[in-house]
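Chain nomenclature is as follows: A, B, C, D, E and F, assigned in order of appearance, with residue numbering initiated at 1 for each chain independently.
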Amino acid sequence: MTAEKSKKRGAELTHLDEKGRARMVDISSKRVTARAATARASVMMQEATLDLVLGAGIEKGDVLGTARIAGIMAAKKTSELIPMCHPIAITSVEMEFEVDRKASTITAVATARTRDRTGIEMEALTAAAVAALTIYDMCKAVDRAMTISSVQLLKKSGGRSGTFARDKE
Amino acid sequence: MTAEKSKKRGAELTHLDEKGRARMVDISSKRVTARAATARASVMMQEATLDLVLGAGIEKGDVLGTARIAGIMAAKKTSELIPMCHPIAITSVEMEFEVDRKASTITAVATARTRDRTGIEMEALTAAAVAALTIYDMCKAVDRAMTISSVQLLKKSGGRSGTFARDKE
Amino acid sequence: MTAEKSKKRGAELTHLDEKGRARMVDISSKRVTARAATARASVMMQEATLDLVLGAGIEKGDVLGTARIAGIMAAKKTSELIPMCHPIAITSVEMEFEVDRKASTITAVATARTRDRTGIEMEALTAAAVAALTIYDMCKAVDRAMTISSVQLLKKSGGRSGTFARDKE
Amino acid sequence: MTAEKSKKRGAELTHLDEKGRARMVDISSKRVTARAATARASVMMQEATLDLVLGAGIEKGDVLGTARIAGIMAAKKTSELIPMCHPIAITSVEMEFEVDRKASTITAVATARTRDRTGIEMEALTAAAVAALTIYDMCKAVDRAMTISSVQLLKKSGGRSGTFARDKE
Amino acid sequence: MTAEKSKKRGAELTHLDEKGRARMVDISSKRVTARAATARASVMMQEATLDLVLGAGIEKGDVLGTARIAGIMAAKKTSELIPMCHPIAITSVEMEFEVDRKASTITAVATARTRDRTGIEMEALTAAAVAALTIYDMCKAVDRAMTISSVQLLKKSGGRSGTFARDKE
Amino acid sequence: MTAEKSKKRGAELTHLDEKGRARMVDISSKRVTARAATARASVMMQEATLDLVLGAGIEKGDVLGTARIAGIMAAKKTSELIPMCHPIAITSVEMEFEVDRKASTITAVATARTRDRTGIEMEALTAAAVAALTIYDMCKAVDRAMTISSVQLLKKSGGRSGTFARDKE
């Protein structure tokens, strides 16, 4: 990357001012639009742990139910957790869980919506990440080596930056 | 896994009671011990984004400084975020960042300490994850496809469950 | 209730999706309207406790003043406490206290207002309930058997579901 | 009550100082003891609403699961909600729900534990009250007239004030 | 001040009702306007402490960087801290630090913006005050006698009360 | 200050590591001791504003009552506001207000106590500062030019650093 190009892109690190100092960027003049974002986070675990979560050894438990609520509530805490995030009017949060037995993985998929001047990727990412951390917490007594990965934005619509959709991998 | 073995392990999903319902497990009779945990979370990004974070295009900026503080403050919010986590007396949080230019990755490494009856993995994991989410937030205007991965416990000491150290990969 | 009717009503449990899983329902397409709700919560106590609160034995104290502020501040925490509640733009909260010496009861009455796409019953109910809990806390050293009851919505206006007014009892 | 007796009891409104002003009473010299408290809150609803919660019309849903987690998380917010409450080291929270079809009532029963210098009634009461408010929130679209009542301490042990057990009613 | 004039002004203590009781004043009918406010807070310290903050003895440290983020995050907590403040849609927060070596003082200057029915002085004041408190915290190990002063509004625009600009002193 | 002396003192900026990066310093090995701190914050206002607060024009109002509770509740939020502060077991908070008619000033004086490994100055300072900000908020409709000053520690006892008492000024 040439220095010039880099400088141009640097200007786009919107949460830094021209001196490189953190700020909450001014969105006063942006328009209110309907926005939606979907993000995911996957928890890789031992096969036996997955069995436990899905109820092989015990009555179908509250692991995923607890993770779903943790994720939804965490979306509402995004602007408290991420320093430069604006508080926004979240209008919806939904959490799904996809189980991949072959990969021994549970994937939390969060979709968040707003009608505001900014957002809503960080809310979706935070919901997915905290749901995954909650699964870790509920299972850590039997499987401390679980790993959370593929925390990423799947798609986003609304707002000036337009639509984003992750390529299939 | 046999049904019997599974049941035995199910009993160890300590945040579920015998009927599989979520609870905050009783730690009243556990001893106060010095505990420490180290966790990490990696952010994979485009090479040009990494350049920006490290200051190639702009004055060395506040991206990592902001992420460090976000992670430390998030550790203190762990019991608000993770439903079954106990509020504990955190005695220390430290955040390091490791840059791997070849892999175009920044890894947040959080170490948290306590003297309490439980903890402190979730605090270290939450600190690392929120630091990584903050890096994402600071850079998302130029690189929406970044992925957070390898959110995992590196080591843990103190407490009844003893010492844990992740194998080198 | 016939199964059919029940199913129809089930669809109206708006915080559950069609599979019965919790979600924060999507209000993106609802209109912003002026909304108001009034709720109450009553604390039944010993006559001597009521005397203390009202200042018979000590200078007129801060019990109700503290409960008023606790209720107002709690209204602002509603979406943090109630998992599926949307964060909304609260535009007003007022707390009144009604003393019924005959019934040895103090009733907290909270009125909350908003201009938003949803709300504002839960904010009014949370304000009234937390004000009542605060009265309990301030007096529990002398009267541990106090009971909070009649936590209920008195009236509500604005929004698609129209006006609600509780029948006199 | 004589003025003298009243004054004596007034001194016991420990969250007020001698001038009747609110304060967070000093517990520095109190001993750390194991403490437990159980509290309840009942939600009276229409029969058809109870059917919905219990799954007559839809797949057994998440109403009580969500209320359970809301109650447990609310216990951890007690000292943020109740102005004069001390932050304490909660060591356990459990929520049960008792259904009384005849009375068309669901009762949330919360048990909280700590090892600290004060507590733990307010935590148990807050957990039960917020669980009840959550049930209200989940069902309000079909039954706005639900009433929460009998929010009360059932029993308490540990601490200088000794054991409390509510008489059967 | 005559009693009459005083009464008239009393009516303007908008967070008290006609009986002098605290309330969150109703802003439902106020218009949404773009609003901005700038506030400051100064920390007076020993000359040697100022040297340390500015990096004379150690590598240029994180004192001001940490204070900047603390101030920005505190702005978002204003309605949680100040009982009668409305939750508002903050659209921007910026923190500057001005060093006066002669007076051995660091001044935090916070500018906050919103598009809402009320605000945004308290957000700017809270940001400046918490940034100053953070500087105190970071340096208190070497200089416990630091004093924070001149916490004041510098200017404000937008809203019915019009523009305010502090006279030069 | 010589470079050497400065370096030595720099080592005492305990919330920075040897590279000048923010951290929450490790207090795991410090002893639990009884600690107390008193801090103050003064609000200078117009004479007519002071009259209003003290009730000359309206019934003795809730301004100071609200500020007292705001200060006490803010003490409990200290570790959420100040990034490197440890969460500690606050055992008491008391707020007094001193009125100086000649200087047209109200001074909030907060005393906080703990039994923990660190603290409790920041809690006392935060309580005093937020009480002062609350007075500002309650009165700003009539007097936007009020200034908060003399936010400072008055005394501190307990802990390794020993007793601190501010000289009379």
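By our rule, contacts are C-beta pairs under 8 Å (C-beta built on N, C-alpha and C of every residue); 3 or more make two chains touch, one makes a residue touch a chain.
Remember, predicted model here, so these are calculated numbers, not experimental data.
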Joint neighbours of chain E and chain B, given as chain labels: A, F
Reaching chain F from chain A through chains that touch each other, fewest steps: 2
Length of the line joining the C-alpha centres of chain D and chain F, rounded to whole Å: 32
Mean-CA-position distance for chain F and chain E (Å): 15
Residue numbers of chain D (touch at least two other chains): 21-22, 62, 65-66, 68-70, 73, 77, 80, 83-84, 87, 89
Touching chain combinations (by label order): A-B, A-C, A-D, A-E, B-D, B-E, B-F, C-D, C-E, C-F, D-F, E-F
Touch list for chain A against partner chain C, complex: 34, 65, 68-69, 72-73, 75-77, 87, 89-95, 113-115
Contact set on chain E toward chain C in their complex: 17, 21-28, 79-80, 83-84, 86-89, 116-117
List of chain B residues in touch with chain A within their complex: 1, 3, 5-10, 12-16, 19-22, 41, 47-48, 51-52, 55-63, 65-66, 69-70, 73-74, 77, 80-85, 121-122, 125-126, 129-130, 132-134, 136-142, 144-153, 156, 161, 164, 166
Sites on chain D touched by chain A in the complex: 62, 65-66, 68-70, 73
